[in-house]
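Chain lettering (A, B and C) follows the sequence in which the chains are written, and residue indices restart at 1 in each chain.
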Amino acid sequence: MLLTIDRLTVEVPGTARPLLDEVALHIAEGEVVGLVGESGSGKSTTAKAALGLLPAGATASGSVHVAGADVLSLTGEELRRHRARTVSMVHQDPRAALNPVRRIGDFLLERGADRTRAVELLAAVGLSDPERRMRQRPHELSGGMLQRVVIAGALATPPRLLLADEATSALDVTTQAEILALLRTLRAEHGAGLLFITHDLHLAAAYCDRVYVMYAGRVVEERTAAALFADPAHPYTRGLLACSPTLGDTPRRIEPIPGKPPSLSDAFPGCPFTARCPDAQPDCSSRHPAAVTLPDGGTAACHRIPAAVPAPAERTAP
Amino acid sequence: MPVRIARRLAGFLATLFAASFVIFVAVYAAPGDPAVFLAGGRDKLTPERLAAVRAQYHLDEPLVVQYGRWLGDSLHFDLGRSFQYSDQVADLIAARLPTTVQLVAYATLLFVVLGVGAGILAAVREGSWVDSAVVGTTTLAASVPSFVAAIALVSLFGVRLGWFPVTGSGTGFAGTLHHLTLPALSLALGALAVISRVTRQAMADAAASDHVEAARASGIPERNIVRRHVLRNALGPIITMCGLVAAGMFAGTVVVETAFGISGIGSLLVGAINAHDFPVAQAVLLLMVTGYVLVTTVVDLVHPLLDPRVRKARTA
Amino acid sequence: MTALTLAPVAVRPRRPVGVLLAGSFLALVALAAALAPLLAPYAPEAIDLSASLAGTSAEHLLGTDASGQDLLSRVLYGARTSLIAPVLLLAVAAVLGVTLGVLAAWRGGWVDAFVSRLTDVMYAFPGLLFTVLIIAVFGTGMTTSVLALGLAYTPTVAKYTRSLALSESGKPYIDAYRVQGMGGARICALYLVPNLGRGVVGYLVVLFGEALMSLATLSYLGFGAQPPSSDWGLMVQEGQAAVVQSALLPALVPGTAIAAVVVSFNVVGVWAADRLGRRG
């Protein structure tokens, strides 16, 4: 297993609930895994944990293993090397991820590429005139071009695991499609695992091999993409699928999920989704639902799903 | 960009005109006859002196014409005569200016190195005892007037330890450096608090950017992050503040040159005022104000060049 | 010395222990200044050439200067001018600055523009140079120095008052008076200015240390207090000649007094400004 996150709980002082609550997630070599949820559900925190990057003042329990290394125990030079060589992240906002006063070339060089490779990378991510791009500064490029630069930066030292945090959310549709195709090709070429974070469940279901759905710092459903799309188990997943229109569907009602996404000041003794759940029963808000294994091998954490077999907690598999 | 430069230059000229007018017209605020005032008061007043003053300052013409002629003369370094020193004011200043410039340059070097250095240290070790020590020490240093600092430095390093001379400006490069060390230090001490605080704050702001976290997430060595991302991006406010403080140092030489008996334009100004030698005082003030306004204007024009975003935004 | 052109040094609010310590020290200094005639062992101007440049002893706790004047006595008496003069100059700056600031904020338009141009011109003079120009014209002396420094501090106070007045005059209660048909001058004098009081006083407290430093500097240069005054700045100047003869006390005693009082005032001032600002 390339990435194994086991019962990861991350808490910061001053909040009513943990940022992450017993999150379990794994990615095999060469696998594309989606991570879906509303903003604040803990997607980015989960991804950053693979880099050993926790929010300021946070305490963590559980474990994160990448390619055999116990990430949360790494420090100093080991941690730096882990971030530089094993895992790369493509950040949400490319304009914020680049130092505005330095050149594109500097961005690639300081991430371990030499000049020749940096130019090759820029060409590989589909930028025209890579020699000139090397000398340009971020403000001279469009958002789509910068996203390509950031991807090139993430590949500067070929990583084993690539984390793409809303890598395409800010782009227009055609650019988005190009970047998605690019990510898949590059990933295939390098044989790396990809964690694809998005708030768009349809996109994740179409793009990934397997998808995790997060809500309020917890994983509420984990399925193969096909199964998730065909037969969502958790009411939240169903809600997510129902609340956005899809192309080619026969006309259907768009039903937004009622209520607001939970904030960090809300604590949940039971299922965090109770207040917004159409199937909620009185006992939902008092008991924390355990993840149950579904017939197709996926898991979902909901009291209303007939408990066939309780899912075993994910093993640490270094 | 050209529009901005033109606007800034127009502002520079307007300020300079206004300030020089204030310096010029101050003569008329003085009690009594301006000619007598310019000639250094009633004692030792001769008809020749009075005539010379009237001719130099064109006192018989309308005020605006007087000002215009005075400004024109000043631009040609014709600053009148000092009756105290029986010499051309321009020559008096020319003989003393190099020493003052050396002193200010030395002090600037000291406060930039020590102040920015202390600020970086405080920023990198934010919240630690190093941080508190830097803030505490520099704040203390800022509360000590430069003349008291001068006396304390002379007492310790000049008289007690005998490491540095206590007065004069020395000859040759080594001699000048040796003589000007204590004066430059007295001048620089008060600036350390401002500079280190601006450095610390600018670096804290820069360190909070997303791209710094992105760099850290990419495993870039911490030393490079501090140097190339945090410090590099904090340079704008740091350089601006260093420029402003350095420009203000010319005014500070008035005290420090007096304390160390250095013959520069600062001590010339003090001597001129105590000897009622207004033409000299007027000329030195004009020079110091011009230098100050010039440097602040240059700093303001240079600042955007450090940040490509500002450079672009301002032309747009 | 560049302090005049820069914002006053904004120290982080100190721990109450430091504030308490600095406050008690200042209270002690103020008390000593008030009781100088009772506490001073000698008259400050009593010359005793036989005791010239004496070190510390039972007769002269802090030694004597070149004319044999007792340094402790002089520093105690000097505290009077050194502490009162900055108050006076800040009072001058407050009256002029608040007037200009309120006028600029209330009238806006050309009045505002005029005040801001005036401020710009004065800011073109770095450090003490504007004060020095006034002294060059009107001659040296304590009165001139206090008035000149008061004038030099005016733009700073005016600028601060203007920003306070702008936010205050936008509040509904001012509008209420206006709707009642009350005149602008009356509203300003009776309601606006009193409500700015806290903020302005807090600001003046922060400026005090710097004002004391500036004034001591003028006296040191021979522009301010004149002999036989025991002003601390003047005492440093008079004591400086003895430093080369290894007699450090005549210059260091008043020098230390200045530094200690300024440091204490900066500690207390920031704390006070913080409290006044928060409640105001």
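Everything below uses one rule, namely that a contact is a pair of C-beta atoms (placed from the backbone, for glycine too) under 8 Å apart; a residue touches a chain by one contact, two chains touch by 3 or more.
Quick caveat: nothing in here was measured; it's all calculated off a predicted structure.
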Open item on the list: What pair of chains is linked by the largest number of C-beta pairs in contact?
Closed with: B-C
Open item on the list: Please identify the chain lying most centrally, where each chain is represented by the average of its Cα atoms.
Closed with: B
Open item on the list: So, comparing C-alpha centroids, which chain is the farthest one from chain A?
Closed with: C
Open item on the list: Report the inter-centroid distance (CA atoms only) between chain A and chain B in whole Å.
Closed with: 55
Open item on the list: Need the CA-centroid distance for the pair chain A / chain C, whole Å please.
Closed with: 60
- [ ] Determine the centre-to-centre distance between chain B and chain C, using the mean Cα coordinates as centres, and give it in whole Å.
- [x] 23
Open item on the list: Give the list of chain A residues in touch with chain B in this complex.
Closed with: 48, 51, 53, 79-85, 88-89, 91, 93, 96-102, 106, 110-111, 137, 139, 153-154
Task: chain B-facing residues of chain C, complex - done: 1-3, 5-6, 9-12, 117, 120-121, 124-129, 132-140, 209, 213, 216-217, 220-223, 233, 236, 240, 243-244, 246, 248, 251-252, 255-256, 258-259, 262-263, 266
Task: Interface residues, chain B side, partner chain A - complex - done: 209-222, 224, 228-229, 232-233, 306-309, 312
Task: chain B residues within the chain C interface of the complex - done: 15-16, 18-19, 22-23, 26-27, 29-31, 135, 139-140, 142-148, 151-152, 154-155, 158-160, 166-167, 187, 190-191, 193-194, 197, 244-245, 247-252, 254-255, 258-259, 269-270, 272-274, 276, 278, 281-282, 285, 288-289, 292-293
